[in-house]
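Take a look at these structures.
The following pair of complexes shares a single chain, chain A, combined with chain B in the former and chain C in the latter.
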Partner chain A sequence: MAKQIRSPLPGIFYRRPAPDQPPFVEDGGSVEAGAVVGLVEVMKSFHEVIAEEAGTNVRFVAENEDPITVGVVLAEMD
Partner chain B sequence: MALKVLKPGLLTTVQDLGRPGYFHLGIPMGGAMDRMALRAANLLVGNDEGAAALEAVFVGPELEFTADGTIAVTGGEIPVKIDGEEQPCWTALAVKAGQKLSFGFLTSGARIYIAISGGIDTPPHLGSRSTYAIGALGGVEGRAVAAGDELPVGTSEKAVAPGTSVPEEMRRKPGTPTELRVLPGLYWHRITDAAQNGFFEDEWKVAPEADRMGYRFKGGRPLEFIDREQPFGAGSDPSNIVDSCYPYGSIQVPGGTEPIVLHRDAVSGGGYFMIGTVISADMDLIGQLQPHMPVRFVPVDMDGALAARAERRTAMDRIRKELAGE
Partner chain C sequence: MDLSGRTLFIANRGEIAVRINRAAKSLGMTVVQGHSEADADMLAVRMADRSVEIGPPHATKSYLDIGRVVEAAKSAGADAVHPGYGFLSENAGFAEAVEAAGMIFVGPSAETIARMGDKAKARETAEAAGVPTAPGSDGRIETAEAALVAARAIGFPLMIKAAAGGGGRGIRVAENEDDLKRLVPQAKAEAEAAFGDGGLYLERMITQARHVEVQILGDGKSAVHLFERECSLQRRRQKVWEEAPARCLTQATRDRMCEVSVRLAEAVEYRGAGTLEFLYEPDRDAFYFMEMNTRIQVEHPVTEMITGVDLVAEMIRIAFGQPLRFAQADIGFSGHAVEVRVNAEDPASNFMPFPGVAQKLVVPDGVRFDTMLYEGYAIPPFYDSLVGKLIVHGASREEALQKLREALSGLEIEGLKTTLPLHRALAGDPDVKADNTTTKFLEAWLETHAIKAA
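After this line comes the complex of A and B, so read on.
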């Protein structure tokens, strides 16, 4: 079964550290445990979303700037 | 007895029922955003209803107990874990020295209340332990809790049997959409009939900026104001007024676009017109709204507002009786 990265927070999801920078993780890329995979903006501040485990072939389910709720799946990976 | 903070969560603060009486000096009432949940959490562990507990928003903290005691988690629904083993929320849970409390993902609501037998015993300021972070008042040195803090806990006066629980039907949850009842206010005449109707007809969504000071809503039509020459002392935008007091629950609409309902840590006055006030009976519900949740504003008159307040009192009495075994 695919591994999931879920959002601990509600807010607006961002895949890039800043609009003019590349995404934290490219589609199809891989992550180490503890890697930052995106940001969530809520209550006037930005919070990092961390991959709890390592994975490959990361497939984002949430788009950049999607409104998200607590616990939603942001990405799946192998 | 103390509570060790291993991980603080997103923004976890010590809160009780607040410090009313200083709003005219610019110091907000503060206190739990969901007062009924705080009262219930305290009753479940044998505390006075107004004892201080932890309020955590969206994300639960990780805590360790230094002595045996009883805890309860109320408010939003969230998997509660003691040493990794899942336990029910809204229930008295026995904990032992050295055990660790952690949480899963919130499944409904926005804020949880963690009460511990004896209550959190940080020093009171102006009659309350509530944290007002912007004013650096109350709580732990006037701030949210941080990893490494040891929160003092008072002496427990009364034991509650573990497993004692607030029945599901007595817990209040946000709806889809959540209906917030509004009493139109002093400045209601400043907007057109179409804008008055539109405000109640439209569906609004909680904006991500919503916090303890105020809840901002987006998605409804902008308000249309009745033309006037702005009075001396008011700003030039039609949503500006000569400075006035802002009540708890009042709805200001800067620029006529996004309504903001002022909550426990709100500013006490300013120059934005207020469309009306969310009635006190529905303020707890706002504390349980996550960003993007849908909301409708529903008009009530004063009689309706007072009846709703009486209804909330009755609901709280039912919880008191249930937990007292009556």
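After this line comes the complex of A and C, so read on.
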């Protein structure tokens, strides 16, 4: 069954640390537990989204700069 | 001036949109409120005669999208556009686009915005108008000997900065002449390596200073001041508490600071409401120009409370071509005002943003609470965390602080974590009561004072 990474906060989701930098995790990439997979901007402050478990073949459901709510699924992985 | 029948488009959100709405209504105007998809149910939309959606939640796609905002205002039949603060308020391109579309921009000319928005040009303009700036070397320093001569005139401690640097890069602090002799060659070599330019300049380091700023109004020809505000209580360079007047100033210093501010405003033929920000050094009784903000500021209400002037209404009248309605001699101040910023943040948890739903809201009688909140309102997470400003006025600073403490205990906002507990603690703090603060005060205070959750 696919594992899910959910947003801990409402706000704007970013896949990159900065607009001119590569994504934290590429589509289809792998993550270790504790890895940063994105940022959520809430009220002008930025918070990291952490993968709680390791996974492979990461598939992002949320796009870069999508508005999101708390608990929404940002990505799925195996 | 009769502005009834004229239409104002508000290109902003939150509490300032509510504030502008009230001022426009007091002038008999029709209000059209621009809003993002996320702000359809905000208070200013409910109060407006009409509202227009200007794009997705992300501010760059709505409130910051010049093309969309101008198009929305134009299609709504607006005569004028008020930019509020933040967003496009100090964007010269926006002011230009509004005027190019045949509407009035409520603020100074695009040229003034551009000139005062450029730090180096603003400093030059201030110096040309005789406004004191932080003491520094005249132009570039190339050698350690030249640095020493300049340093003796400026005084220690001072900062050695790379002429081509910026954003804090390449800055060294010299406490004395020995430091300077040692650090100048290092700084020069580093600047050459980093920026391809070894030019340096020196600026005196001002460590114990207060933030004092002067409110001005200009009609493009003449300008007046509305005295000053004291805003030293800051966290991460964001003001959290503001007062008017600045009790730390002597009358002579206040007069001088206000007079040079008017001089600068007139030198740039300033139109609208503006603020000159200064660092004030109590030890030397000296002040230095930092920058000019060419818009209405968050903390404008404290000035309104001591002068009785509605700054937002005045800036709208001026934008429609009305000359200043007051001579300097007509403007006085009485008593003391304090404003505290209520942010949806949890001060007990490192000011974590808290975009929740406001439940019960109780505002005590006899205080001013400029807010975007209403019961049941869900604060969107996409914008800044300011939800209201609590403003009190008293005959003296002591009386104002007493009223503030009472207002803070009476103000209830259920459902949200806010900075109210921080303000309750500050309002009872001995140093705050004694007006014994600098711009460094609050961050140090926070390290030693835990704020209990509300």
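Heads up, the rule we're going with is that the second predicted complex is superposed on the first by the 78 of 78 C-alpha atoms of A that agree within 3 Å, B and C clash if a C-alpha of one lies under 4 Å from a C-alpha of the other, contacts with A are read in each partner's own complex, and residues count from 1 in each chain.
Rule of thumb we're sticking to: a contact is a pair of C-beta atoms (placed from the backbone, for glycine too) under 8 Å apart; a residue touches a chain by one contact, two chains touch by 3 or more.
Since we're looking at a predicted model, the values are computed, not measured.
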_By the touch definition at the top of the document, which applies to A:43: first (chain B), second (chain C), both, or neither?_
both
*Look at A:9 in the shared chain and tell me whether it touches chain B only, chain C only, both, or neither; answer first, second, both or neither.*
both
*Quick one: classify A:21 as touching chain B (first), chain C (second), both or neither.*
neither
*chain B or chain C: which reaches more residues on chain A?*
B
*With the two complexes superposed on chain A, say which partner A:71 touches: chain B (first), chain C (second), both, or neither.*
first
*asked:* On chain A, which stretch or stretches are contacted by chain B in one complex as well as by chain C in the other?
replied: 9-12, 41-44, 67
_Touching residues (chain side chain B, partner chain A) in the complex_ = 10-11, 57-59, 105-107, 110, 208-211, 290-292
*Enumerate the contact residues on chain A facing chain B in the complex.*
6, 8-12, 41-44, 47, 67-71
*Contact residues on chain A for chain C in the complex?*
9-12, 41-45, 65, 67
*Interfacial residue positions of chain C with respect to chain A in the complex*: 38, 56-58, 344-345, 353, 355, 381-385
